[in-house]
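Each chain carries a letter (A, B and C) given by its place in the written order, and its residues are counted from 1.
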């Protein structure tokens, strides 16, 4: 019934001499939310960034193994990283809008793809903002600077920006970690809506959040994938002791 | 809306982006320009100095002149050897010309000039020009020494005050204020030295020549102070806080920590700052031209006029004939200055990088 | 007993270091005050806008101001783009520890410490005698046009001297563009060049501006590189082509104070000219330093 969107095979990553990810094997289902949990420094963010090859930007990172999206290895030599990133969007921990207007922030993606027609841009901006559930709050001030928005609004704007290029997969790196509870619940609600259309992988250190938003959960510890399964199972009946210890708050 | 299109090898095939490729190549190419400039400076300053060492024809001339003398009747009684006679015979086949072409004259001059380089007399414009570099060299050294003796203590102590004793608000004002001195054009400092300082010091010390090495040195210290100050201040503030904390924890007070811990830890940076200050003063032209008196005297007295290497180039280059011996000698001086400043910079970098690393990394 | 002794030593050290600061600031103040007082009487709108008269013993310094402005303009046109692009390479393309980046950085620092007179020699040997004379021979059949000192060669010589100033400022400000913004752009599928154009460059406008201002401040005050690359003692007309010679403020001060026949008579003119140059460079540097400290604050 569930389709596999991303298949990770024997993924190992070194930063210089340091082993950051050790032999990760994982299958991420299509149009579901998969949460990556674990104590900080466990490699969950690093893992997330291998999925759209953001780690390519770090010169000391060496990688081996395969990441297959729809059976296509994105680390193949013939893969165009730029186009890959258009298909695998990313939302960062710290909201990072450009110091441009709200409109231009969302229009950035389409513009770099060569879309300059006013009408088309207007439409993309509107649908993206609507899908990110922020349209009603900003529709009257699209020309204002994005930096004038609140933290939660900025983060939803960044989600809208990601949606504007129509990705298949959305990676979220602790998207709500810097936000107040109200903004967090808005983001979580949004994630719930988005999984209808997108495959979402979310890193979080907040276990309640993982339990609330995700369908599947992967537990990382010291660069290794300890356990992966349905969120319900992981949280109620983990098979491995370390997972249980972490979830019950005994360490981390 | 988003029809989940599948990832296919086709849609993600590696693309060649021409603008991307061109941008990278263009930017990289331009970046290499700075290296190219350094190399070009090296090449072109030396290129103009090198003709000075072309003296091959001068030898020929000397031989010819000898031959002429021989032909004029000086009996070569002592030249019994056949080998020695062979070469004059070859030359005498051509009639010895009365006037040599320009190139030959130049080479004769070059040869004479080269012989005089290692003397103390700088008299480039005379019937018998002499290009002795020693007085210029010692003059430069004298001015540099005076300048650094003034600039180094002032700059270092001021930097220590700024980084160790001044409250943050004062530091925010002091740093840019002293850095402003670096923005004073050297011609302005030179003018100030010439018009104000020179008379002031003459009244104070009562020496004979109004413009001298001391006035020039003091003026040049104004150019060196901001360099020494800024680099020392950077070195002092980059001493790890743990050093200071450890010292304070051991019961040392504020000034003891600053003087016995921070200052020694920053020695490599301070040393580098002095090197760079020295390089600046050594090659300073306008202040030297305006404040040192420009007389090429060889003397240890700081109140005598001097002529520095850089000032010599500045004063004489505009008046020489392009390509003649004097022109080449000036470029030779330039080449020496260039090598000197290049070496100073390399040494300073070596000190900052090498020593600081060792000190703070414990390697 | 021991304690008071330590206290006295402490006060002494703070006193001496503080005194050094005061001496330096005092010198700066004295120079400013002396030049202002000396040049005040002569300083007027007319002085700034009229030509020298009676063998430069009367009149204004307009040609020198005009020449200085022209010089720094041509200089900036060359130095700012090249400096910005080099900074781009160093921040965006070069691998931090590659030998290429290290060599370029070393070259830039060397360029910054080479004595300015050497640039003058280089300008003479390269621009005038090699490029200029070469152009004359190739295109003008040996007619002497470019193979002699002029404002173009002087400006280009000056641009080499100010290149490091631009590079350092621009690089500093490019580093303040947050990594997160670059990543956001790349994660949207922007290429590196698109990211540079749309995120990095707009974010470093202030640095490019600062670098340009500091470079102009530096270039306006330097005289040594101009001594034999194009500065003229006196010209009755303003330079109208790139192969004309020109008058320039710094050189004017030097000539008037050391080479003119009646130094004493023209003293007010000299002071006023110095005042103009000092004000010009002082204001430019002040703006540059303030802008730079703002960039540095952002960096932290």
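Everything that follows uses one rule, which is that a contact is a pair of C-beta atoms (placed from the backbone, for glycine too) under 8 Å apart; a residue touches a chain by one contact, two chains touch by 3 or more.
Predicted model, so just to flag it, every value in this text is computed and none were measured.
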Using the touch definition from the top, what's the fewest steps needed to get from chain A to chain B? 1
Would you mind telling me which chain pair, A-C or B-C, is linked by more contacting C-beta pairs? B-C
For chain A paired with chain B, centre-to-centre distance based on mean C-alpha positions, whole Å: 57
When the centre of a chain is set as the mean of its C-alpha atoms, what distance in Å lies between chain A and chain C? 48
Roughly how far is chain B from chain C, centre to centre by C-alpha average, rounded to an integer in Å? 19
By residue number and range, which residues of chain C touch two or more other chains? 191
At which residue positions does chain A touch at least two other chains? 82-84, 87
Multi-chain contacts only, two chains or more: what residues does chain B have there? 17
Parts of chain C lying in touch with chain A, wherever the complex brings them together: 95-96, 178, 180-181, 183-191, 194, 198-199, 202-203
Quick check on the complex: what are the chain C residues that touch chain B? 6, 9-10, 13-14, 16-21, 23-25, 27-28, 31, 34-35, 38, 82, 85-86, 88-90, 92-94, 103-104, 106-111, 113-122, 124-126, 129-130, 160, 163-164, 167, 191-193, 196, 217-218, 220-224, 227-228, 250-251, 253-254, 257-258, 267, 270-271, 274, 277-278, 281-282, 284-286, 288-290, 293
Interface residues, chain B side, partner chain C - complex: 17, 19-20, 23-24, 26-28, 30-35, 37-38, 40-41, 44-45, 47-48, 153-155, 157-158, 160-162, 164-166, 172, 174, 176-192, 194-196, 222, 225, 229, 253-256, 258-259, 276, 279-280, 282-286, 289-290, 310, 313-314, 317-318, 322, 330-331, 334, 337-338, 341-342, 344-346, 349
Show me the residue ranges of chain A that touch chain C in the complex, using the header's touch definition. 52, 54, 57, 59, 82-87, 89-90, 92, 94, 96-99, 108-109, 112-113, 158, 161-162, 164-165
Can you check the complex and tell me which residues of chain B touch chain A? 1-2, 4-9, 11-15, 17
